[in-house]
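Next, two complexes with chain A in common: one pairs it with chain B, the other with chain C.
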Partner chain A sequence: MDLVETYREELRFVRKPIPRALLLLLLLALLLLPWWGPRAWLSRGSLVWLFAIGVIGQNLLIGYAGLVSFGQAGFLAVGAYTFGHLRIAGVPFPLALAAAGGAAGLVGWLVGFPSLRLKGPYLAIATLGFGTATYQIFANVEKLSGGRQGLGIPALEPLFGLSRDVYVYLVYYLIFLLFTGAAYNLVSSYVGRSLVAVRDSDIAAEAMGVNLTRTKLLAFGISSFYTGVHGALMAQYLGHLEPQSFNIAESLNFFVAVIVGGLASVEGSVMGAAFTVLVPALFGDFRWAVPVLFGAAILGVLIFEPLGLSGIWLKARLYFRMWPFR
Partner chain B sequence: MGAGLLEVQHLALRFGGITALAGVDLSIAEGETLAVIGPNGSGKTSLMNCITGLYRPTAGSIRLRGESLLGLSPDAVTARGVARTFQNLRLFQHMTVLDNLLLGRHLHFRRRLVDAFVRRRGEEIRHRERCEEIIEFLDLEPWRDQRVVGCAYGVQKRVELGRALCTEPKLLLLDEPVSGLTAEEKEEVSYWIHEARGRFGVTVLLVEHDLRVAARLASRMVVMDRGEKLTEGPPAEVQKHPGVVRAYLGDQ
Partner chain C sequence: MGNFLQYALTGLSAGSLYALVALGLVLIHRSARVLNFAHADVATLGTFAAFAVVSRGQSLWVALPLALATGATVATLFYFGAVVPAVRKGANPLGLVILTIGLALIIQGFTVWGWGAEPDRFPFPLSDSKVWQVGPVFVSELAVGTFVAAGVAGLLLYLLTQRTRLGLAMRATSENLPAAQTLGIPTRAVLAFSWGTAAALAVVAGVFLAPALLLDPFFMLDPMFKGLAAAVLGGLNSLPGAVLGSLVLGVAESLFGGYVALEFKSSLAFVLIVAVLLVRPEGLLGKEFQERV
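Moving on to the complex of A and B:
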């Protein structure tokens, strides 16, 4: 029985009571992870949460708006270094985080301008140029990167008498929830609709009154805001910044996560992030095999399940909804 | 004839050495249905693309209620009350039928980014009601939540008409609305176009190859050939015009 009585009901985040209860349970279990899980999971968990934010940002751009960017590492660097310098100057964590997002968002908005003219592979190359240029700037301007010894970032002081790793885990988890929730709201709103419209047919979108310039720049701005926050959280997590962390390989990691997780899906982004963070951890001494596995995973996804992990998840849910029929 | 809703004067469009439009004059009165016919490549769609801002005409003027549309981007033209459909469907394939219609309402949304982020959905619900009206008008209920990719061609054509109506246009430009449809579907679409004039108060500019449908819907016809206006007048007269016969059937 599934009866929707009002339009408002149809727009609810999770409409049916049982999935809502299950979701709440899952979120609660993850919140309480420090009290039931092994200690080693905490730092891995924090890494997944922060990575998920960046992957969602990338997915908003590629999956929803259909704008391919290979310059994510550039936005990441802008966010991380803005955050790092502000933290060293004594700015509190939340303010520095917002500023990092804002700075990356602004740069993203500017980088978005070529997207008004370029499409597909051409845009990919333009953003790749931006990513490489940013890397070179940070690698060569010592004032920005802190020179040979890099940039040390003051650690997060735990509150409420929690130990540091528990505190960091909880803070990162809550920030992750905030950004994921906002992303869900965004993609189901008029903004998400206009992004998908631009992806599916930009001419028709424009003919229906969607301002292409504003929409594409907005997509770049929001996406790089997310990426900047990711950069800031990563900087705080590592406690130390070097330009080497922001090369092309980092941009490609986002790509792997988005493709494996599933294009145009928020939960897919989270699953993709978990995949790219947790799978290498399983390998231990066989780190060299990780890129091989990633390559194989992308091939497998493209051939067997173009919707990625989110596609598998979708089919699983459908199966249980239909059970025991079919 | 009342005041012209749309006045096109000496419109010319050239791509390098090719002349797509060579000084076309056109005027549509409020509430009228005007059909533009002509052989392939005669400049019908170019004319439409110029009006909606997709092409920048080389010379001439386009005025909607006295206001020039030249130099406006397509979304700005739509905001002034001109909506269109496309000859080869341009729908948002991966969105549902309802979302396609809601996108047609995009212009009328009070767009505030904060509302989107915090899931304030008052606007969505307000515009949903308007979309449901269109869904009911075009009998789209069974397909409301289906993705457009999976819908039959005839349904997709209807969704495109609905999406254009959702923008609440004063002037509706239809580029071959019945091409590729079955005889029965042609009847239905003709009926809807006729009804839309009364129900939504739109003025229609119709580009059509099916002369029977065009003659039935339109009160006036404009015939184009090689970027020029050949003749115009009531359908019955136009179809007997020797130039039209020559353009369509060749010399006897």
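Moving on to the complex of A and C:
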């Protein structure tokens, strides 16, 4: 029996080579999806990746910081329209993407100010108001929304001789990986811990030396940066923007994804995003059944498995950790 | 001046509808600490039930009680079937809000399935186009009917909460749940009754709103958000606050729509509440709330 003397030796206990290899294999398989999966999965896959970014953003806000926002559709619209106008002006894709995230993040930071005084339901209503106001502004100011025929966005030019849908899939997948990795790092850093502290008790967190103002505004800023990038990627994916796609139902979709996936869990957000994108695709002929299924999923999660899909995933992992010795 | 009175009157009529919605939301929030996002969909379901009865040639007097019963039953079932088990699982207030969103989605799906998404015209004995002139302003039959209905419903609610033993139990339950349980009040039944009453109020709003608009599965969403805004404006735990907030909101909105910009009418509600909440975080008539660490 060796004595554990250093932190490095302690880390050996949590290092799990087999799960890590399996995860890498899964990521690689998803990267190579265009070469083995059916054509139809590509566009769905791109949709899942872009949606997952927004859901992670929403989860950072609701799950980690405990700040409820019903105005996600507003940040989405800000991101999408910033991106759209920049792309039409001829700005390259990565720059426009960063600008879209930045614009939404700035707006989110501003919207965060009421959150310094408002809590729970009051904050929910204030953000709901932001969502409604943004929708009305885009619906009524033709200069922003491109008038009746909407805003057309130039398509992404594929590089390296790939076909367009393959190229879009790969680009979206890599952006998704980048943002997911950033989210994992964020939640295990000082910032992530201060978000959780503010969620659990903001007075206690303040007493422990967490800067409440900075943390709450940062939570709103980061979350809406993610949402803005989601909006931009969605705009690029659809190739066409209309204010109607940014109504309150869109904000509720984020909620469904976060709850079904699991609060305060990055991998849960990804699973939730996959759920909300893939379920409607399966029920193409029964559109009315989609909200019923979403609602039932929410009720089921809250009554039977409060941690959502990530909770099921966690339990499965715990079960198989010692398998078959139990 | 005539214009001003006309806008104010229209606003009061709209505000009385918001008040019905807001009263229900406050009733649920102060007893169960839940912001009920399914309020609109329960009301829509009740209104569609009334529509189904009326379009079979029955009178509104048959349809209205049936609609109220439908709404109240759904809300009560939801309380027993979902809220109680979720609370037993230790759901926090946010979880309960999300629970109501789940219910909203389910009802929405089923109303689309049952009645289709196309708008229908709701046959109603009071007409929108029949107007009387009172001095410088015009009043439609429907607006008067709405105002009277909201007044009667509000009065009944007042009598219920302030003048009956059941109302006393409701107030006790919302004031302090464990204490009420210790005193032998059947709090679960009382809470279920609150959910049912709130839903019935919303259905009244739905039935009186449907003739002014067209009936589709989403027609109550906008009034519900206004009702929420009004409830927050007045203070989420105060029933008089809900009425005051709704009337203020209705009039302000109508004046804004008339004099400034019609297309940004709905945004005003939210600008107004953010402004009020920044000065008075507990709403106009709400009590100062404290928090335990």
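One rule holds in what follows: the second predicted complex is superposed on the first by the 310 of 326 C-alpha atoms of A that agree within 3 Å, B and C clash if a C-alpha of one lies under 4 Å from a C-alpha of the other, contacts with A are read in each partner's own complex, and residues count from 1 in each chain.
Methods note: a residue touches a chain if its C-beta (ideal position, glycine included) is under 8 Å from a C-beta of that chain, and two chains touch if they have at least 3 such contacts.
A quick note: this is a predicted structure, and the numbers were derived from the prediction, not measured.
When both complexes are overlaid on chain A, the residue A:182 reaches chain B alone and has no touch with chain C. For chain A, the partner touching the most residues, choosing from chain B and chain C, is C.
Once the two complexes are overlaid on the shared chain, A:50 sits clear of chain B and of chain C alike. Look at A:191: by the touch rule set out above, it reaches chain B but stays clear of chain C.
Touch criterion met: A:294 reaches chain C, while chain B stays clear of it. Contacts of A:153 after superposition: neither chain B nor chain C is touched. Touch criterion met: A:62 reaches chain C, while chain B stays clear of it. Of the two partner chains, neither chain B nor chain C is touched by A:78.
Contacts of A:13 after superposition on the shared chain: chain B is touched, whereas chain C is not. In the overlay built on the shared chain, the residue A:114 is in contact with chain C alone; chain B does not reach it. Across the two superposed structures, the residue set of chain A contacted by chain B and also by chain C is 201, 203-204. Residue ranges of chain A in contact with chain C, taken from their complex: 62, 66, 68, 114, 117-118, 120-122, 124-126, 128-130, 132-133, 136-137, 139-140, 201, 203-204, 248, 252, 255-256, 259, 287-299, 302-304, 306. On chain A, the positions that touch chain B within their shared complex are 7-8, 11, 13, 182, 185-186, 188-194, 196-197, 199-201, 203-212, 218, 264. On chain B, the positions that touch chain A within their shared complex are 52, 54, 73-75, 78-79, 83-84, 86, 90-95, 99, 102-104, 106-107, 109, 111, 113, 115-119, 121, 123-125, 128-129, 163-164, 167. Chain C meets chain A in the complex at residues 29, 35, 82, 85-86, 89-91, 93-95, 97-99, 101-110, 112-113, 221, 225, 228-229, 232, 236, 263-264, 266-267, 269-271, 273-274, 277-278, 281, 291, 293.
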